[in-house]
Structures are given as structure tokens and as C-alpha cells.
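Here chain A shows up in two complexes: once beside chain B, once beside chain C.
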Partner chain A sequence: MTQRSIQMDEKIISRVDLLNICQDVIEKGNTLLTPGVADYSVVKDVSNLNLDASALPSKISYKSYVFPRTEPVLYYKRSKNDVQLIDVNIDSKKIVILGAKPCDANSLNIMKHLFNWDYSDEFFNMRAKNFIVIGLMCSHFDEYCFCTSVGSSPVSEKGSDIFLIPLDENNYAMKIITDKGKEFITPYSGYLKSGDENRSKRITENVKQPDVAFDSSEVYKWLGENFESPKWEGVGNLCLSCAQCAFVCPVCHCFDITDEDYSYTEGRRMKNWDGCQFGNFTLHASGHNPRDIQSKRYRQRVNHKFRYYVNKFGEILCTGCGRCSRGCPVSVDIKEIVSNCKNDQKELR
Partner chain B sequence: MPHTAEIKEIIDESPDTRTFRLRFRDADTADRFEFKAGQFAEYSAFGDGESTFCIASSPTQKDYIECSFKVYGKVTQSLRRLNKGDTIGIRGPYGNWFPLEEFKGKNLLFIAGGIGIAPVRCVINNVLDLRDEFKDITIIYGARSVSDLIYKQEIKEWKARRDIKTVITVDPGGETASWDGEVGFVPAVLEKNAPESENTVVILCGPPVMIKFTMPVLTGLGFKDEFVYTTLENRMKCGLGKCGRCNIGNVYVCKDGPVFTYAEIKKLPQEFNNFKFQIANYKLQIAFLKG
Partner chain C sequence: MKELIKHARELLENGEVAAVIGYRQVSAKRTKPVIITDPEETSALVFNEYCLNNLAVYLTKARIKLLCKKNDKVLKLAITAKPCDVHSIVALIQENQIDRDTIHIISFNCHGVAKDFGFDFNGDNLASKCITCETHKPLYYDALFGEVKETPQASDTALARIKEIESMPHNERFEFFKSEFDKCIKCYACRAVCPLCYCQRCITDKTIPCWIETSSHQRGNFAWNVIRAFHLSGRCTGCGECDRACPADIPLSLINRKMSMEAKNLFSFVSGRSLETPTLVGSYNEKDNNELFM
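This part shows the complex of A and B:
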């Protein structure tokens, strides 16, 4: 993935022309995704496509298009004594994501460290390479959002190849951020008019942003000193170990590997999403479980996101989208938890 | 993508532990496959999945590799059902290894408990093949009972050698009438049989609870944490630093381990040593045996 920023003037594109580009993307046989209520879904017909900057983030990010919930990694065929192994073809169509929330747009950049340190995961890389992320400024925000606490914002261009800012009902300012974005848009230059940076700036400057809820470097420090803090018990007692939070998270990446027979002789090996909140995630065959109670598992979640990942890859493993908290059946709110960790008066819950 | 390998030999080590002697189906792979003592692999029983064990044979053994496993769960049960001539999958080798180069010219003290003997055996055989490069060698190996001891044939050979000291022990109550080894828990047996700590490297593998009780004894005898090497056997899946399973703090056991010195382990978040239950159990056992 090339993420080198390039200098290019700001452009203006009308809504109609943007849809024309989308139409062309689809006609060329590529996949176009836009955020919906539940998920980012494939667009078949652009005529009723509605780009809404004020929409709530979909329940799930587009992580599943690069790191599917479940996918085969190999097929096997057993004969009498032997086993034959068959490679999978990684499907890697070009995917254009139109209207990615800024908090989602940066997710692949954060995850790519993990999928490329030491061993490069070809499944991830093949797909990520074929992603074109067209980000859209975000004017939604609710009590769960905290992108501004983790180094992002509703107007952040981080991770987008192209970034859109709605100027009025019918026009968008378009910023071309990466080489990949430039390459994508060049064939459509005829649709672009030259823009005015000051005009889009006036808009981005006036976007309501979530207040900064915590200082992530202080959280980092607190976590380093409070592994054994009794505070973990509070959230441990509340949390159900359902791992909903990991599944909706745009950057959680843990997986399980299992075999699945579909006949007496044939089957496939699957890679499936998993999460550290499940009780059996670290259960050893011997019955020993290093994270035997929920408070330890929640501690792992927060530590991994705000400390271990930072140590290892220099970035927080969190985009601030708030999905985990919005969806949690028992209202565990990670923003509240990390904001409260330093406050002796408050329990972690 | 795993390699496929043929089960050449099955050795029943104890009622629940079995060793496979394996040869890669592909001759090229067999020639190229190299590993170092302490590394592990992912073994698959196709249809039931993969399981992680160390490579138990010595890297100096070029004709085959061996793994020993205790039957615990779905995959190991499935592996146990396989017969001679059947095929299993192997991915690896993964992880780091015991720095044998650094051990040269030193005394070695091997301490193993239960299935922890498997990685230790790999090092022992590797070292014995290069015997001259190391000074005194002491092996202390403990199992619950006489029938739980594995590698019985090799133990006999080790015992017969005059250039190593071999002490085998079983937990109290696990001895048989004809048992001629020690009776007692590893830490106690260690106290009686430990060599000088000066210039000695310790290789310590076993269940967490054994390590927990052995460490104070070693420290008391003057062994330094930096010279005590052990393996962390966290649950693993991918072996590639991706799936997150084996993660402790900043460390991925499958990449940065499994071999760590005790000094390194002490710096990790203390997640692995939550033994409250096991310790209570262990103490009860001891109290019971003391009457």
C-alpha cells in the first residue's frame, strides 16, 4: 500500500458526476461499497445512492471485506493413507469504498502492521492492495464517539485515498490524498472542476467534534503501572464475555483456525474471527487458562489496544468509532473506562 | 500451507502420551527442513485441526523428526487414531530456540516435569551429539508415576552413561515395587542433586506449577534468572504472530518465544502464573502425603 501523500489542488465534483464515476466502477466489474445501517454493503444501482455525512457509523466496519468473518485457507482430500492439499485462490477484485467514515478509513493502515510484521499475510495484503478508500467527512457524533482522543477526527484524511467534503446539496470538495487515489481518479479528470481550499476549510473548521475524552499517553502510562489494579474487577463483573466488541471493531484481528469436513474424504481449513473476550480464547489443552476470569480478559483488551500495540507498532489499536460501546449488551463503554482509569474516585465500568 | 508427512513409527510412551516418528512425503522438503532445539511446529490431523508441540527429536537427527503429545483434546485424540503409514500435516519450524552456542563450555542442568521432557529431550540429544563441547551434564526428570515416565528407553541409555548424571523421580505414591529411582517432587529432588551454580545453565520445562516451586529452589542454590531457560507453552494457533492467541504483553510467544530466560519472563505482565487453584491443590497434596 502506498500512502505517500501527493500535492494536488483541491477539486470540486458534483453529486451527479460522483454517481457517474460510481456507475462506471460498477460497470467495469469492480465492487462498490457504501456504509449502510448494519454493514458496508455492495451497491448494484447508483440511482438511489445517498451519501450522508451525518449518518451513524454502520454496526460493522468494512473490515470483513479484507479480513472475512470466515474464509478457507486450504482444502484437503483424504485418500487411504495420503492427504492431498489444495491451495485457495484469494479473490481480490478491486473494491472502491465510497463514503468511508474517517474512523474506518484509517483501519487498514493500523491493521497492516500486524499483518506484515515478520510474516506477510497474503490474504490481507492482496485485498488491501485492491482497496480504494474514498473517505467522507463525518458530521455525526454521539456520546460514544471518541476519534479525537485517539489521534483522529471527523475531518481526518488519514487512510483515505481520496477525501470528500460536502460543500452544499449538490457538490463535494475532493482532495486526492495518495498515489493510489490519483491513479484511480485520473481517468475521470473530465468530471473535476478546480476547487477552493478556503471554502472547504470553512466547513471542516465548523464541524462539531467530539470533546477529547482522555489523553492516550496518560492511559498508556497508567496501564503500564496498573496491571494488577483492583479496578479491573469492576468491568470484569459487568462484562458478559460475548466479544461483540471485537467483532464490530474495525481493527481487532484475532482469529481461530478450524477444520471443516464436508464429506468423508474432503474438507477445508477455515480461518474465523475470534476475540480475546471469549473465555476459551487462551484455554490450554491441559485445562490451565492464563486469563481465567473476565477482568483479566478485559484488561487484555484495553492493554492490547492502548499499550501493547503502541509498544510494538507505534499506533493505538483503536479508531475511536465507538462501535464496541454502542453495541455492548451491558453498556460497557470503553471511552468511559479509559477516561476513568486514572481517576481514583471512579470504578472502571 | 502445511507439508504432509508420513507416520513412520508410533511409540506409546505412557498410557496417555504417544510419539510419532515422521518423514516428509516430499523428499525435497525432507532435505531442506531444518530447525533448532526448542522450536515448535503445528501438526494437523486433517478434519480436526492443528495442534502445537515442540519438535522432540534432535536437530542432529536428519532422517526423521519426532513429536510427542499427550492426549487432551479433539486434535490430539484425532492424531491418536492415526496409524502407521497415515499422513499428517506439519507447518514450521516456528519460534526461537535454545542458544546452544552460548551454552558451550558450560555445565548444563536439565530439569523437566511431565510432558515438559519433550523439548528438554530435544536439547539433551542435541547436546549429547556434541558432548565434548559442554562440561558436566545433570538431568533431573520427574513424572507423576512410573507409568507416566516417557522416553523410557532413552532414559535407560542416559542412566547408563558415565559422562552425565541422570536422576529420575516420581511423585510420592507413583512408585512401583521395583522402582529404583527417586521418590519426591522435582523441587525437593533438585535440592539434593543440584550441581554447583557456578558456570551452569539451567534448562527448565514443565507444568507452570512445577516451575513456580522450582524457581525459589534454584535461586536459593545461587542460580541466576538470566541463566535459567524455559519454554512458555501458551495456546497457539497460527504460529505466525497473527492470530493473537499467544500474546502476553508485547510478546508473541510464537515468534518471540517459546524459549525465554526466567529474567525475561519476570518482565512480562504476570499473566501466566495465576496458579491460585493449582497451588492450593499442590499444597493439599503435599499436606496429605506428609500425613
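This part shows the complex of A and C:
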């Protein structure tokens, strides 16, 4: 995963030429992703590309293309005195994502800490290595967006290999951010014209940005001092214990390992998404459950994102995309909850 | 709104109820559930076209039932419910999950709600269930507020879609459901929002033996969505919350509505409409239609 930033002049590319590049990506047999309403989808026809910077983020992030919701990690065969393990061939196809929101683009950089901490997860790493993120400046924001509160912004290039800024209806400023981005775009350099940084700067400087809703270092401190706070009961009463928030999140990464038998002698071991709001997430075989009630589970979610991950990896486990809140069936708003992580609030809900 | 707030306040102040489950406004076109125990907070209560949640889902939660226990006494629980949410409450009472005497139903004359938060309330954005709604006035209530207003006109596109799916050849229909269920990410939001998915332990959480594969692959997704459809057949009251909650936009209410249509055609039964009739699954009649048995 090369994320070394490189210094390169800004370029300009027309929309038509951008589509030509996309067409070539598809024709070479690679996967091209574009954001949709519900999910990111694989593009078969470039006329279906979504390059609208003002679009609402899709309901589901694109993490499933790097960290699938379900995948086999090994196959097994049992015989009388032996168990034979068979490795899985990891699909190493190149995946290009065009039009990633800045809040999505940085997701792999945040998740890679976890997948390379005590064990190097070859499944995640192999896909991340072959993943090219072409970010697009974002001009959407609603009451749920809070990227600016977690160290990002609608014009953040963090996590993008190439970053696009719409200059007018037909042209984009293109910034080549990483070596991987440079390597990807070099064969297409004929399409690129030299750009003017001042022109794109004028646009990025004038993008409406969500107000900063909270100070993450204060939240960090409050969480450390209020583990046993009765305030968690409010949101604990409301939350219905589904995993919508975790599964649409671009950086939630918990998984469960389970075996699936095909027959008495053969089967496979699966790695499946899991969510910390499920009651049985921490249920022990003994029957004991350390997070037996919903308020403890919600407390875990907030602590993991804004305290534990910071302790362990130095980054907040949140990109401020607001998906979890926008989609929450009972409208639990993480921005509101985290903003209220201070002493003068009566209850978190 | 004033009447609602006054009523809720009195209930709490007089110690008649332990808590009021209602809606509060969070932005112009969005409300969220709120559980109020302090009379001062009742001023936040609202009822309007953006009260989408079916709050009956909270009635079976152990933590909410706990709120009602005060000094060895068990107090009532007040709930604000749209007429269609009252259907869910009726179904829960019929299935012995809650006791009618412990619930204080605050209901409204309803002319429909928006299909989702953020949409203008009009015929184009009317919730699917409101298009064919016949109960603008609740069938059961302890307090009733609001005037009857006209529901915006809209065409029943969901029914047209059901007819279309019904008319598909078998393999085409299978492909349709395959492509829809492929989108499922198994977040179980559909289960979480459903008032009638009240099992303490869902079949999909059982691992020994593992009846439903937890993997969100085609087989696992089919198993989950089909078993949910079966478990809700003749029980679903059509609140449409699963549809709204699904992050993958799977049209779950088409399946549930189709099953409800079957229950009505075969057994003349509509779930959650009467406290006097037994449940469909819980009753047996020799004269029942047996076309379904092979």
C-alpha cells in the first residue's frame, strides 16, 4: 500500500477524456466502481458514471470491495485421521473507484491499521494494494455530515490516489497524489492538459463546509472519565440493536469467523461482517455477556471510534460521512451524541 | 399539539404512566423517537406527517418494561401511535406479548405520512401503506387527538409491482428475488424495527445447530429473507418499517404485502384489526382453505 505523496503539477482533464479512460479500464478487464443511491456499483457502461460532486453519499460505503461482507478464508476436507486445509486464491483484480467522496477515500488508510496490527491480513492487503481511489471534491452537505469535526474536509485529498475538482461542466482539475496514482495515469497522459492551481484553489476555498460540531480531543477526554455515566441509558433505550450503522460505515471492520459444512467431510471457513450493537456480539460460550444491555453496546461503539482506536493507532475510527445517522431506523445521530459528550448534558440520546 | 403535550404531561404528573413513548422533531422533515419520564420534557412531543417510526417496537423491549416498575408498583406505559401502529399493538396483545391494561394508547386521526424523512409531504412522496389505508381513525385508543384531513391521492404502484412479479415465469421471478436478496448485507435492521419480530432469540442467532447461515452470501441471504417472510405471514400488519430501514433498498414490504394478501384471500384474515378474533396462526378451523397443502 504505497501512500507516499508525490509532488506533481496539477492537470486538467475533460469529462469526455475521463470517460475514455474509464472505458479503457473496463475493456482491460478491471473493475470500475461508481457511487449510487444505495451502494457503489460496478460500471459496465461509462454513461452510467456518477460524477456529481453534490450527490448525497450512497447509503452503503465501498468497503465491501476490500473487506467483503462474507468471504471464505480456507476450505477443509476431513478424512478418518486427517484434516486437509486448502488455501483460497485471493482475487487480485485491479479495482478503480471513480468519484469517491473524501469521507470515503480515507477509509482504507484508517482500516489498514487494524488489518496489519498483530496479524497481516492478506485478504485486505491484497485488495487494498490493487485498489485505486480517484476522489472527487464534495459539495454536498446536510445535517448529518461532520467530516470537519474528525480532521477531514469536503476537499481533503487524504486517501485518494488521484483527486478531481470540477472546474466547470466539462472539465476537472486533476491532482496526482500518490505513486500508485501516477502509475495508473501515466499511460493516459495524452489526455491530460496542464492545469492552473490557482483556478482549482478558488473553487476548493469556496466550497461550503459543515461547521465543526465537536472537539475530538475533548470527546476523547470525556469518554475516558465517563465510562460508567448513566447518560448512556438514554441512547441505550432508543437504539434497536441492528447493525445498520456498522455495516454502512466506511471504517467499521469487526468480523466473525464461522465454519460452513457442505457435507460430513467438506466445508469452508467464512469471515463475515459482525456488528457490536448485536446482543450476541460479546455473548460468551458460558452464557455470560459483558455487554448485556444496549447502553453498554452503544457506549462501546462511541468509545471504540473516538477513544480506543485513537489510543491504539492514533486515528479516529470515523470519517464523518454521517451514513450511520442518515440511515438509522430510529434516527440516532452520532454527531449529536458525540457533540453531547460533555458534562452539561443531561442525557445522551 | 398542545392537547397532546397537556395530556402526556398530566399522565406523568398524576403518576398514571411511567413513561411516554413519542416523537420529537429533529429537523424540518425529520422526527425521532423519544422516551419521556420527566413531565417537563413533554413539551418536545409532536405529531405530524414525519412521525414515521412505528413505536410499538419498543413495547416488548425488556428495558422499556423495566421503566414501568416503580416501588413495587407496575405503572402503565403511554405510547403515541398512528392508527396503523395501533394494528401492531393489537397484534402484540393478541400474541400475549403485552397486556392491554398496561398500555395507554394516545392516537391521532391520521391522513398519512411521508415515505421517508426529508421528502415533502404530497401524493408523490406518500408512504406506500397510506395509499390504500382504510383506518384514518384508530380502532383502539385511550386518547384521540387531531382532525381528519384529506389524504393526498396517489396510485398504488406497489400493488402494480406485486401483480407484475406474480405474472413473471417461475425462473424470472426467482432471478428477481435473487438479485434483490443479493443486496442484503444482513444488518438485520428489518428485524430490529419490526414490532412483531420480538423473539428473545431469533432463529438466525441460533448456532447449535445453525439453521440459518450467518454468511451474507446468496444461500444465507435467501434463507434469512424467506424465513422472515414466513414468520411474518398472517402476522405482518403492513407498517412498512422494514422497507424504510433497509439500507440496501430491498423492497421487503412487497413480500410482506403479498403474504398478507394471501392470508386475506385464503382465510379472510387481516392482522391486527380486532382484539376479539384469535390470531391466524394460533387458530384452527376444519373449514379452513387447504389449497396450500400439497
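We adopt the following convention: the second predicted complex is superposed on the first by the 341 of 349 C-alpha atoms of A that agree within 3 Å, B and C clash if a C-alpha of one lies under 4 Å from a C-alpha of the other, contacts with A are read in each partner's own complex, and residues count from 1 in each chain.
Note that a residue touches a chain if its C-beta (ideal position, glycine included) is under 8 Å from a C-beta of that chain, and two chains touch if they have at least 3 such contacts.
Because the structure is a prediction, the values reported are computed rather than measured.
A:N311 in the overlay: touching chain B, chain C, both, or neither? Say first, second, both or neither.
Once the two structures are laid over each other on A, A:N311 reaches chain B alone.
Should A:Q294 be classified as contacting the first partner (chain B), the second (chain C), both, or neither?
After superposing on A, A:Q294 lies in contact with chain C but is clear of chain B.
Where does A:F255 make contact in the superposed view: on chain B (first), on chain C (second), on both, or on neither?
first
Just chain B (first), just chain C (second), both, or neither: which does A:N272 touch?
So A:N272 only meets chain C here.
Who does A:S286 touch here: chain B (first), chain C (second), both, or neither?
first
Mind working out whether A:Q244 is in touch with chain B, chain C, both or neither, as first, second, both or neither?
Touch status of A:Q244: second partner only.
Show me the chain A residues, by the header's touch rule, that chain B contacts in one structure and chain C contacts in the other.
Residues 256, 258, which sit in both footprints.
For the complex, which residues does chain C have touching chain A?
Contacts found on chain C: 26-27, 30-35, 53, 57, 61, 63-64, 67, 117, 183, 185-189, 191-193, 205, 207, 210, 213-217, 220, 241, 244-245, 247-249.
Would you tell me which residues of chain A are touching chain B in their complex?
Against chain B, chain A makes touches at 74, 76, 78, 81-83, 85, 87, 114-115, 117-119, 121, 227-228, 253-259, 261, 267, 269, 274, 276, 281-286, 288, 290-292, 296, 300, 303-304, 308, 311-312.
Within their complex, state which residues of chain A touch chain C.
37-39, 59-60, 64, 69-70, 143, 234, 236-238, 240-244, 246-248, 256, 258, 260, 270, 272-273, 275, 278-280, 293-294, 327, 329-333, 349
If we count contacts the way the header does, which residues on chain B are in touch with chain A in the complex?
Contact set of chain B toward chain A: 1-2, 4, 6, 25, 44, 46-51, 70, 72-73, 76, 85-89, 207-208, 233-235, 237-238, 240-245, 247-250, 255, 269-272, 274, 278.
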